[in-house]
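The structure is given below, and queries will be raised subsequently.
By letter and in written order, the chains are A, B, C and D; residue numbering begins at 1 in each of them.
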């Protein structure tokens, strides 16, 4: 693979993040960001040993210093003039379903720190690289994609911590789509409405059959599809759910 | 082409409808519905003479008798057990930007008749064929796709006639998505937010550059993408707009 | 009562319509529109015999001739220069919860006819009177209020007929709010989210306690509150639901 | 005034906060929270000298220690068993309209800290008092009201910092409405869509006439109206805008 454009994925783990990284690694060198190196090490090895190129960087996406270090590591590896074709924000701050008065402040803050402030820092770090991708005429319009959830559009009882972060992230995405679309960057938001089929959820929803959970590889395909839309036909938002989902 | 599954497109004209028909004709025999045969005749000839198969049927989509006749013509051509892989509703009842008190009743009614009642009649006619597509295991989940507009989600001053029909159509789509998703039919709604690049709009928005209008072929690609999503990852709604669009 | 401004209520029945009529009758002569005179006769008598003034007119709100006759009857009673302080549209076309493929066309059409076309005809008939209310400086800004439902914002499975009409009505309301707000008419839409406590629903939700249903008089109070908002502080939309409602 | 129930207003300044405090002070002793004592001192004096009772407490609403101190000061003044009839959150973290790449991290964080985390801390501090209001049968259902903005529902270009905080606050409000409505607390959110008429905005929008700005006293009336709704008829959300507003 010889693309001079890179893809950056934040929030790499065993599910969507890994699938997205594998998908985009077929076209671009990929940068894998996660706080815990365990989350990207074997994936980076897998990509690097199968004809692709991956660089894992341990990064706390909610910390500006850590995000700056990641950008420096990227420039050290790919050159100070590196351009990005895609940046995918897949991090989130965890999930605690609790009566509101039992919700610890640090849990609430964590969701905002990762989803909202993390989204902000990731966007400020990657947009300059995506704008370079525009300048340098990447094949497909450079894309900035945010992973949302049902809780991005509906805020149920006991879901205050997760939903506030996810609503803030959707607001960020919408503002950036309006500002950077005319500049050639395709900003998108995906509402993942259902359980994703990953090792951790293996036993969930079994009674609903083998298609009751979202496919992580399917999500990656949809992100790739968003990325390949031409400038005349940008989609700002998609929802994704299993056919069986009651919504 | 030997697919036993057909695709049905209502509201074939020189823009989106024709592009969608051409795209789906690469995989399926296509049925082209329009009130005025001029809207499908040359397109049917084009498809039939280039390796595809197209059947045009003059149909008033807002009239139940006319829609029944169309279904009979389809069964006469493709057999009474015909199954559909896709049904795309692209009709709309016209557009009159007027102060509300100057809006003629028949213009208001026409929008409801085509967008809302037409959507209803088209869905009742095609869903049995799409459910047969599920039974007979079409390669991709049978899809029922509705073409919406900015006016499907925003109802501006002077837009009452167009918006009421489009909102009703979106409500129809949402209800059907919830009822028929679990049965294997993928119901989707597309919000087309901008001017589509067709002969009639050739001179529009020229000062904004060559990418200021939506590509009709691009819309067709996106509809095809919706159609190919697996049952684990259905998208109910996409928006589509040129990068330059202020929304 | 000596107000020269009238209030017009369409869709008077034993529930919200009657409560709204009684509330507005304390300030204005009220016109009661319903297809079936049984729905307004005793109410008109009650209002007329307790110090108010009410005029019942048998009207099919989905028929333009019938609506025109109603306007003539109003002008005959109150003068050709009559001005309105409020017009409240409370009609709806019934409700049939059915699998979509079992939904008769006439049921679907009826919802559109009453909610969408009825809303259109009522608005075209009353807006000229409301604009006269602006000219003649009614104490509170003349108000045009539409009664919506949960199905105005969510379109569930089996609810296609009711929801399409209600979505169309909401679109109408939103367009009119934008056009007539700057002209001084306050257009509002109320999302009634729950069961209204009327004789017909007496036995419903009993296990949830005495406050599980919406009070029709409470809705009337809220409509009156909307009516009394000054031009600086117009509310376009309110939702109303019992505290116990799961939404 | 002898009510044993108090009202608490956070974000008291020269505009909405002061009007709301004056309005609720007619029925309840009011607690005024603002970081800068200048924002409540003269108002507290005014209320205390005109038959009401007001207690100003200097509070950083985004700091849990400061909020805890405020609760202690309230209990010291009104007793440890004090019950609240209303708690109104009117704080926001400022507003910086900037290209996204020029937005300082601390500005972005401030909006989240005040609107989102501040809303969280205020709610955790006041809900126990509001639930006591339910227990002790306050005349009107205890109300928790959040002040939102256009940016609570639309996230425009250059508005990322303000909108993320406001969207998060709306998510919080929606989750709390669902959890605490059934417990008898009325949680509401107000979308203030326009410029509020306060000393600082005196010269704004003059060409649109004297009614082009929202009245702060009008907002306070609307909040009071929300507070007086009975348990059968709760409104979760209202929008408020001048009649002239283009929305």
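Here, a contact is a pair of C-beta atoms (placed from the backbone, for glycine too) under 8 Å apart; a residue touches a chain by one contact, two chains touch by 3 or more.
Note that the structure is predicted; figures quoted are calculated from it, not measured.
Trainee: In contact with subunit A and with subunit B at once: which chains are those? Just list them.
Mentor: Common neighbours, subunit A/subunit B: none found.
Trainee: Just how far, in Å, is the C-alpha centre of subunit D from the one of subunit A?
Mentor: Centre-to-centre distance between subunit A and subunit D: 34 Å.
Trainee: Based only on mean CA positions, could you tell me how far subunit B sits from subunit D in angstrom?
Mentor: Chain centroid spacing, subunit B to subunit D, equals 47 Å.
Trainee: Hunt down the residues of subunit D that sit against at least two other chains at once, touch-wise.
Mentor: 178 - these are the residues of subunit D that touch more than one other chain.
Trainee: Can the chain contact pattern be summarised as a line, a ring, a star, a complete graph, or none of these (other)?
Mentor: ring
Trainee: Would you mind giving me the full set of chain pairs in touch?
Mentor: Applying the touch rule to all chain pairs gives A-B, A-D, B-C, C-D.
Trainee: Help me check something: in the complex, which residues belonging to subunit B touch subunit C?
Mentor: So the residues of subunit B touching subunit C come out as 64, 99-101, 103, 105, 108-109, 112, 116-117, 120-121, 123-124, 127-128, 151, 154-160, 163-172, 174-176, 178-180.
Trainee: What residues on subunit C touch subunit D, complex-wise?
Mentor: Checking each residue of subunit C against subunit D gives 141, 178, 181-182, 184, 186, 197, 211, 213-215, 218-219, 221-222, 225, 229-247.
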